[in-house]
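Shared between the two complexes below is chain A, which pairs with chain B and chain C, respectively.
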Partner chain A sequence: MATSLPSPPLSRSSTPGSEQQKDLVTDTLSQRLDALLEQYLHLLHQYTTLREELSNSFSSAFFTLAHAQRASTLGAGRRYGQEYYDDRMKAQRLVKVDNDAPRHGLVWKVSRKVAPTRDGADAGPNTEKDNVDLQSREKEDDVSQEVKGQTKDAPEVEEDSTNEREKQDPATRDPINWFGILAPSALRQSQSHFTRLVENQIPDLLSIDSNMRRVEGQIWLLREELGLTHDYEQSETKEEVEHDGLEGEEAQVKQRAKQAFRNLPSRPAHPKSHLLKLGE
Partner chain B sequence: MEGLYFNVNGGYLEGIVRGYRNVLLTGSQYGNLTQCENIDDIKMQLGPSYGDALASLPPNPSTSALADKTTEKLVQDFRYLQGQATGSLAKFMEYLTYSYMIDNVALLITGTLHERDTKELLERCHPLGWFETMPVLCVATNIEELYNSVLIETPLAPYFKGHLSHHDLDELNIEIVRNTLYKNYLEDFHHFVNNDSEMAMTPTGEIMSEILEFEADRRAINITLNSFGTELSKDQRRKLYPDFGKLYPEGMLMLSRADDIEGVSLAVSGVGDYKRFFDEVGLNQSSSGVGNMAGGSGAESKSLEDLFYQKEMELSKLVFTQQFTHAVIYAWVKLREQEIRNITWIAECIAQGQKDRIGNYISVF
Partner chain C sequence: MAAPPSAYRDRQFLAVIGDEDSVTGLLLAGIGHVTDPPDSQRNFLVCDSRTEKSTIESAFNRFTKERKDIGIVLINQHIAEKIRDTVDKFQEAFPAVLEIPAKDHPYDPEKDSVLRRVRRLFGE
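Coming up: the complex of A and B.
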């Protein structure tokens, strides 16, 4: 990994004394850069693992939903779908984005807005129920984006609703009851899958994502200090070609992470990331 | 003797239904369906059986759209039969539609409770359960109002007798209304097939009794299993069990006292078939810890719900070995409903890329 980092040009130094000092500084900077890159790789690993888990969870959630449709207790040919939604539904989860921990970037947390009215079921969400039909079978890449947008809306929705309907707020009722008290257990399972997705997996993923951006920013700063950015920009076109040649999972992971970086608005100075050349 | 005059009124319809039965999907056709790569392929495979019914579907339709269109075809065929039916057969077919009416009533009053747009919901009602005063249902706010303003005009009115209360409609009460109606409907249907002057002492009564008893038992078992952990009390639950069936009366009494799956299993152990079902899924239940229809269990294992469907299909298939009976129509409707469920399941598995579970459909031909 370290070998891929071009050493800083020596010609810049003027006097032998300051040259030595500069070398020393460069060494420390390089070491810090290495440490950061290592941290980044760890995060990337976590990110890919979580992404895999997320897609598994989504598939089992949708699958149990299909199972519930088959065992529908609503009568022959009736599906658990939009026609049973409560029009007064409100978000039951709050998104909290914590920026107080500069060491970890933004920390995303999703919590219940109110205690569930009934402790029988292990979950009481509603946002994910909407997802079932709305986002339907989206590609998993889009899902995190969508949920991001959706969860961001949640606090606003909540503010509007606090004043109206103080008592017996239909929004606080477990949405599974929309489909009748006697919902089959497959539907309950599906609900708990979706709840876990929204409450744990997606916020975790977003937190790691934000942490990755933070580390990435630091790496860029260090590279700038070391005067390395220029080299990366030059080799960009070459890299593209190489990437096309890559096959299989490695290329996918690289491509995906690269795309993620490309879309970052927070780093306009470097529209393209080259971090992923690490392995070369 | 009983077959002597059957063909005067019922012969043509029986012939038609037997024809319908012959185009039900067979095991090999299901085999072909499971090989499909996408929903368009499924559409093409269904061509011979469903013909034009699926033509209006857009390319790569959703599974729910596919289910809707296949249901439409069932409704068309049923309406054709209904148009030809006279006498006791016409009445028998009306009875078939009552169950859909109950579902529609439940859908609409749930929609009212949820402040939904009525028009939208009316479109989503099952066409077989349509009745004229249905749109008025949306104004009801409690059970009494519901009865007095709307249901008194419908065939469902008698099923409400003795169950009127001033309770406001909430989710619990809607569930109770739905299941009470269904209980009374099953009992009435059972009484009808056994006591109607034209049908008494014919094979229809005998066959339909067996099917309806099974249906009653299945409902009672499902209500019990799904009620664990809900606000439905044991007392309320007991009133939802039909007063006939193989489990009636001891089994039902035991069901009403059951607190968990073991209790249900014990209650049904008096009937060989049900005991076998519970034994077969017994392992699943102890490992997953949830009631029936454990969706996440192993690929090969069938859920309790699947076993019940399987049994229902076997009963329906057997009906076609009998002659001179209205029950073939009931059996055909059930077989078609299962066929739609199978198609939806296969389509869903293909759409979700979960091909390892695709074999969980139920085919008896």
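Coming up: the complex of A and C.
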């Protein structure tokens, strides 16, 4: 008979021992990927919670601003807006970035600028305790506005002149004074809302975003090592078309992941199995 | 790779592109800054329905690419929608770009660039 018998499969090039070792490495990487995804989902939860808080804070701030517009002391038809901005204005809230890359990525802070001292020391962003100072100062402002003209405990002349200088100096002048000295309390409340969201929620949100980017980078790298990038290839290609000029760390990680995929002959289980594991 | 301190050390200002109420509120919080003359530059742009797309784009590019003293760019989400391509193309870590709600345009998670990135990560 001319029919040839099927030949036995070729012996494996690797020994069972090395296979086991490979499985062990894959398991370890999978566990690490699971842990990273879990961490990422926690961050995502924080992000969505903070987003909601930010939206609520903006709503309150806009509401009080609208209230102030209705109670405007500027005259009929005038509103608190760009017409009154001071063209010499100087920033009184400054950004500070700390790089805690290994643990949290970038940590953003916004704080009140330190007023220059009499010695001429340089001004710069203040520390966290200034946030407390600001809030107490705002409360004092509210109270002082109410009691102004009723109780005056013989203020010192020097203090008066210092306050006068601060009012004149664009670097220290409270922006609320652009709109006159009789700003309604609603405008002060609005200012207080905006200040809080600028100093707290906005930098917190950016810090979470930075941390998310950091974890994303690690997830892409692990996926690359596990050969899981194919499942994301399609959406990646689509993304590539949409964002032709993508730059930065994220793009580099994805590029490396894509390159690695092209060199891989096969891929393991579907990556979403990792997500399912989280729910167990 | 972590960004070197030189990439953000001098980025101390916030900038804002928004409608009049958003900008007024944020300036009340003390973020407004006009650089010294003769080349006085503002760190904000007030937009309304008549503001040209090119004006918004130009301000966004100025705040994100030209000026090296801006650390955070706040932009109303509905205004970012008008220049979506430009906003999405900007992927640098500095300055950070954050889309914020406006009085008449609440925050829409569907348009949030971070959440779109999350969906991309999970292959959706």
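General observations
Simple rule for what comes next: the second predicted complex is superposed on the first by the 162 of 280 C-alpha atoms of A that agree within 3 Å, B and C clash if a C-alpha of one lies under 4 Å from a C-alpha of the other, contacts with A are read in each partner's own complex, and residues count from 1 in each chain.
Just so we're on the same page, a residue touches a chain if its C-beta (ideal position, glycine included) is under 8 Å from a C-beta of that chain, and two chains touch if they have at least 3 such contacts.
Remember, it's a predicted structure, so these values are computed and weren't measured experimentally.
When both complexes are overlaid on chain A, the residue A:218 reaches neither chain B nor chain C. With both structures placed on the common chain, the touch criterion links A:108 to chain C but leaves chain B unconnected.
Applying the stated contact rule after C-alpha superposition, one finds that A:205 touches chain C and leaves chain B untouched.
When the shared chain is aligned, no partner comes close enough to touch A:30: not chain B, not chain C.
With both complexes placed on chain A, chain A has more residues touched by C than by the other of chain B and chain C. In the superposed model, A:97 makes contact with chain C only, not with chain B. Legend: residue contacts after superposition of the two complexes on their common chain; A:47 is shown touching chain C, with no touch to chain B.
Legend: residue contacts after superposition of the two complexes on their common chain; A:186 is shown touching chain B, with no touch to chain C. Touch criterion met: A:66 reaches chain B and chain C at once. Once the two complexes are overlaid on the shared chain, A:87 sits against chain B and chain C alike.
Shared contact residues on chain A (touching chain B in one structure, chain C in the other): 59, 62, 66, 81, 85, 87-88, 190. Residues 59-60, 62-64, 66-71, 73-79, 81, 83-88, 118, 120-121, 136-137, 170, 173, 177-178, 180-186, 188-190 of chain A are the ones touching chain B in the complex. Contact residues of chain B toward chain A in the complex are 62, 64, 67, 71, 99-100, 102-103, 106-107, 110-111, 113-117, 120-121, 124, 126, 171-172, 174-175, 178-179, 222-223, 225-227, 229-232, 290-296, 303, 305, 337, 340-341, 344-345, 348-349, 351-354, 357. On chain C, the positions that touch chain A within their shared complex are 1-3, 5, 8, 11-14, 20-21, 23-34, 40, 43, 46, 71-72, 74, 88-89, 91-94, 96, 98, 100-101, 103, 106-107, 109, 112, 114, 117-118, 120-124. The residues of chain A lying in touch with chain C in their complex are 40, 44, 47-48, 51, 54-55, 58-59, 61-62, 65-66, 80-82, 85, 87-97, 99, 101, 106, 108, 110, 112-113, 125, 175-176, 187, 190-191, 193-195, 197-199, 202, 205-206, 209-210, 212-213, 216, 219-220, 231-232, 235-236, 239, 242-251, 271-272, 275.
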